[in-house]
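Look at the two complexes coming up: subunit A is in both, with subunit B in one and subunit C in the other.
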Partner chain A sequence: MAVAQTKQSATEARLASLVAHEGGGWISSGRQAALERVRMMGLPDRRDEYWKYTRPDTLVQAEAPKAALFETTDPRVFDGIDRLKIVFTDGVFDADASDDLSLEGLNIERLADIAGKDIHWAKDLYGVLETNGQTPVERPLAALNTAFATDGVVIHVTGQVSKPVSLIYNHRSEVSDAMLHHLVKVDAGAKVTILENGPAAARFNKVMEVEIADGAEFHHVRAQGRDHERRAITHIFTRLGVESVFKSFTLTANGMMTRNECVIELTGDDAVAHVAGAAVGDGDFHHDDTVFITHDAVNCESRQVFKKVLRNGATGVFQGKILVKPDAQKTDGYQISQSLLLDEDSQFLAKPELEIYADDVACSHGSTSGAIDEEALFYLRARGVPKNIATDLLTLAFLAEAVLEIEDEALAEEISSRLEGWLVRHNG
Partner chain B sequence: MLEIKDLKVKLEDEDKQILKGVNLTVEAGKVHAIMGPNGSGKSTLSYVLSGRDGYEVTDGSATLEGEDLLDMDPEERAALGMFLAFQYPVEIPGVGNMTFLRTAVNAQRKARGEDEMSASDFLKEIRAKAKTLKIDADMLKRPVNVGFSGGEKKRNEILQMAMLEPKMCILDETDSGLDVDAMKLVAEGVNALRSEGRGFLVITHYQRLLDHIKPDVVHIMANGRIVKTGGPELALEVENNGYADILAEVA
Partner chain C sequence: MDILDKPEVKEGVDQETVDAVREVGGKYKYGWETEIEMEYAPKGLTTDIVRLISSKNEEPEWMTNWRLEAYDRWLTKEEPDWAMVDYPEIDFQDQYYYARPKSMETKPKSLDEVDPKLLETYKKLGIPLKEQMILAGVEGAEDAPAEGRKVAVDAVFDSVSVGTTFQAELKKAGVIFCSISEAIREHPELVKKYLGTVVPVSDNFYATLNSAVFSDGSFVYIPPGVRCPMELSTYFRINAENTGQFERTLIIADKGSYVSYLEGCTAPQRDTSQLHAAVVEIIIEEDAEVKYSTVQNWYPGDENGKGGIYNFVTKRADCRGDRAKVMWTQVETGSAVTWKYPSCILRGNESQGEFYSIAIANHHQQADTGTKMIHLGKNTKSRIVSKGISAGVAQNTYRGLVSMHPKAKNSRNYTQCDSLLIGDKCGAHTVPYIEVKNNSSRVEHEATTSKVDDEQMFYCRQRGIGEEEAVALIVNGFAKEVLQALPMEFAMEAQQLVAISLEGSVG
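And then the complex of A and B:
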């Protein structure tokens, strides 16, 4: 189908604002193909069904809208965690702030350093899972990223790793428009934890492609927060082998525009994929979780747990789909999305979907939206807990179910304390 | 201690008068009991005194040690020493019992300008008090009242009372749904708290509880009013003859 004229010109306007880097080496063909995909699909506009609840305008327009820097001296999330730090400032690798990129059990390279090589294993992954993820639903902003991102980390996990790899995204320029493209390949039986945190840029487009081999484990904990005016579109594309595990959790606090897409393909039998999120937003906060899980193997488990706390007119969106292919018998699919609306101005828009072609499956989904429990609030107050603290306790309790999805206790504790801090700042 | 004068209360959203002029004074050190048929307004009285939304006081007053309760937020009343053991304790998923109680104890202390209780002192005290109420460590860790049996919920109310050490304790049908052993535990918990400076208002249907918690004064409430007041023998009369005789007598 031909792209509508208005969409085409918006797409060309965006492309004109970007600088193409051929890269020279193995990456050239991938970038070229991605650019063609972008032109074929056109960048999203508000008429697209998949963007019904989230306006893509600011993510697509040629210049990044300005985002004021958020100054704070508070400690940052994961500060207390022993980890290997890799720092990007406004989307550019910051060698001085980063640790030495070596750690037993894995190999880390920069996309910028390897793009010019003639051959590299990354060629089999770069843009490959992204391309797969374009059907049945198009994700043109991910293709745009594949075409233009010049930096990111390329991680090959070959064994057991002693500490998490932590990607830290600093935001120092009010007008930065950043793209990063990360690749993670986890070999059979290997295991890694990736952390991400920071506001990244005024506008951030990030793609992470994750290939998880048989019996391998990939854990991911991310905290997006701080700068209120920042905007982000992120995609995770992952493919899971036999008996492999993918677990991803995202905390989002603040942000005028965040859309996190997660595209999961269970291609090996007995694989497990969990994706969860806790989002807290105030005022013109807009947060969108869009998840697409394809079950294409036997006896796999997928689980989606999303919780949002919205106040003062904030908006939360959840689009979650479980697609069970004909041969994916014994699929266990679970999906829950819930919002706690702290006032009547805030809204939660949810579109849960199941599409099942196998007959022996157990899939369930639920979506709720509600206010604070008045009975519980009174009970707490009658015991002397002031209203604001009681509200915080109930809010944290509501979010706890999502935080529980984080396997590592220390990381879960970090996330909980961030949530508490946010509540204290916004309620206290 | 607690002084209620000509208290008239209607529902906020409905034109329904529930309390029609309640007069009641509970002196420090005394235990008063309120008995009465279902729907007579006993729970409403306890809710209005503790500050629950949904009611409108149309007339009268209620004071605790001379301070006007009715204008205060529930948490202010609690800090002043008001405590209600709920007829139906609320389940709060996701909030640990221990966290809840510690937050409550320290919030009250803070409101009164006292020092917070240290984590270790709190732990020591709650363990000791939980033990006498046969509340095990697991129940303390679980979310507030979630998955508790009826009896466990009521014992948990008494534990909260013991930790908060209020001046004025209102118990709303704390005996309902309890077997004999559980009732004894609850009664012992209450009796352990009886003291010179503390008043009790025990709402119950049954004489049974009053065998264990000996009241000084018994009131009969019907149709939004205290219709009769007497000594412990009044509870026995209800036990033997029901409310019909008393209600006929005052009609």
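And then the complex of A and C:
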């Protein structure tokens, strides 16, 4: 289908604001193909069904909208966790702030460094899962990233890793517009945990492609927080082998515009994919979780747990889809999306979808939206708990179901304490 | 039957069952044709055809203009492509938009004057057009208490209404029940006031087409405070070949009134597909209540997907007054393609909308159906129970919207969508949209998809119940909540339909 004229001109305006990369080799052809995909699809606009509840304008426009910097002296999330730190400031790798990139069980390189190499395993991954993820739903902002990403980490996990790899993003310029593209390849039987935190830039477009081999495990915990005026569109594309595990959790606190897309393909039998999120928003907050899980193998399990707490006119969006292909028998698919609206002005928009072509499956989804349970509140207040504390307690209990999806207790604790902090700051 | 013809018949199914199923499979009870001399408007759609339909119905000028405006709008509209249905492109110029039996050229003054062939047709369909105490032709109906089980029928045959029963008795109660063409002539003030106010002329592609070319349909007006003394019903029959049926139903329940309305439909078995694009508008004033029940049994096409009705229907109820109440119940077993979303606009405070649906798709059928609950008033309530059953190579989609507007404080919605898959070549899909814009309202949505439970099946089989019958039994249990919401005549018919529609699905 031809791209509409208005969409085409918006796309060209955005492309004109970007600088094409120099150089040759495999990455150039990958980038060129991605650019063609962008032109063929056109960047999203508000008329697109997939963008029904989130206006993509600010993510697409040529110039990144200005975002005030957020300053705090509070310790950052994961500070207490032993980890290997890799720091990007406004999308640029910060060698001084980063740790030495060597760690047993994995090999870390920078995308900017491997781009010049003729032979590299990344060739078979860069833009490959992103391309797969373009059907049946187009994700042009991910293709834009493949075409123009300036840097990223390229991680090859070959064994057991002693500590998490932590990607830290700093936002230091009011007008920064960053694009990073990470690749993670987890070999058979290997296991890794990736942490991400920080606002990254005024506008951030990030893609992470994760290939998980048979029996491998990939754990991911991410915190997007506090820096309020930032905007972000992120994509995770992953493909799972036999008996492999993918578990991802995202905490989002504040942010004028965040859309996190997660595209999961279960291609090996008995694989497990869990994706969860807790989002807390106050005021001018728009948060969108868009998940697409394809079951293409036998006896796989997928689980989606999303919780949102919204106040003062904040908007929460959830679009989640489970697609079960004809031969994906014995599929177990579960999805829950819930919102707690703390006042009259906030809204929750959801589209939880099932598309099922196999008969021996158990798939379910649930979605609820409402205010704090008055009875529970009354119960606590009757026992002398002040109203604001009672509200916080009930809100935390509501969010807990999502936080419980994090396997590592220390990380779960870290996330819980962040949520508590947010509630205390935004109370009343 | 194609599944059974393949060698992969499940182990444990004896040959007798397979043969028995093969014999009855795909049998559609209403596939015969009435041989009757017809009169057609020329093929295709132009302003002349629109004018012709209007003049055949002896309509006033305002109505003709209303249609012409709709036709102009239709030309600018695009056919929707978002539904999960796939069918060859429809040539809208290769259809007849008006077909009526020659014998209907002069409108019969009473049912006695109606062409016996037409009366015979309805008799054969189990809907005799005589004013009898109970709706005959429905097995088991004779056991029903005769008192209070009268049903008035408006029978639509291709493009025209052939007769409406019990009109005189209804008139005594102040109820107007007639064909819409008659209402346009006899009650223009009511039609003018309400037509197109719930489904606007340019609402969607098919509704706009219907606005331009609807040839007949039913009209109901229940005056304030009146409880309609009997159930009202419309029976739609498509008979002519290459002819689309475009009927329009307008129901107005004035303050404090009540009516239960039934709709049935069938068509002959043909190799070519036929188009049906209807619009139903319901207006419900303060404290009034309308129950609208449909058993949709259009010809579904044969087991290879040849022929069948394309059913593109817009149905919407507007609860205008406080405490107004509407209940849609549908059993969708027919049609090759279904595109239908009976909706409720809950405008009045404390108004209520309910939607109960069973959609069964077998062989090559495709159904994309669901509802919209638009909560605008305070303390409004809605409930959705949808049961989708897929068999053969059919695709069955629930698509729905629950919208809580900022002003719809303290409103409630509960949605339950369950899908059942019989066989590994069909599909079941759920596409709900949930929009909550205030926090005092509570929205709950649940959906499940599963297959016929092995244990339940084993239990039935062990007690000597045949496989087909066991599936029908389990499915009836699965759909119980919806079947119970139907008026009695329909409930019995629906239960039988559930069994018939699934014939040939086991294997």
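Just so it is clear, the second predicted complex is superposed on the first by the 425 of 428 C-alpha atoms of A that agree within 3 Å, B and C clash if a C-alpha of one lies under 4 Å from a C-alpha of the other, contacts with A are read in each partner's own complex, and residues count from 1 in each chain.
Note that in this section a residue touches a chain if its C-beta (ideal position, glycine included) is under 8 Å from a C-beta of that chain, and two chains touch if they have at least 3 such contacts.
Being a predicted model, the structure only gives us computed values, none of them experimental.
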item: Room on subunit A for both subunit B and subunit C (clash or fit); value: fit
item: Subunit B versus subunit C as contact partner of A:Glu71, first or second or both or neither; value: neither
item: Partner chain(s) touched by A:Glu409 [first = subunit B, second = subunit C, both, neither]; value: neither
item: Subunit B versus subunit C as contact partner of A:Leu394, first or second or both or neither; value: first
item: Contacts of A:Pro352 with subunit B and subunit C, given as first, second, both or neither; value: second
item: Subunit B versus subunit C as contact partner of A:Glu374, first or second or both or neither; value: first
item: Which partner reaches more residues of subunit A (counting touched residues only), subunit B or subunit C; value: C
item: Partner chain(s) touched by A:Cys363 [first = subunit B, second = subunit C, both, neither]; value: second
item: Partner chain in contact with A:Ala382 - subunit B first, subunit C second, else both or neither; value: first
item: Minimum distance between Cα atoms of subunit B and subunit C in the superposition (Å); value: 14
item: Intersection of subunit A interface sets (partners subunit B, subunit C); value: none
item: Residues of subunit A that touch subunit B when the two form their complex; value: 373-376, 378-387, 389-390, 393-394, 396-398, 400-401
item: Contacting residues of subunit C [partner subunit A, same complex]; value: 82, 84, 404, 406, 409, 419, 421-451
item: Subunit B - residues contacting subunit A, complex; value: 50-53, 73-75, 77-79, 84, 86, 89-95, 99-101, 103-105, 107-108, 111, 143-144, 160, 164
item: Subunit C partner contacts - residues on subunit A that touch it in the complex; value: 49, 52, 326, 329, 339, 341-371
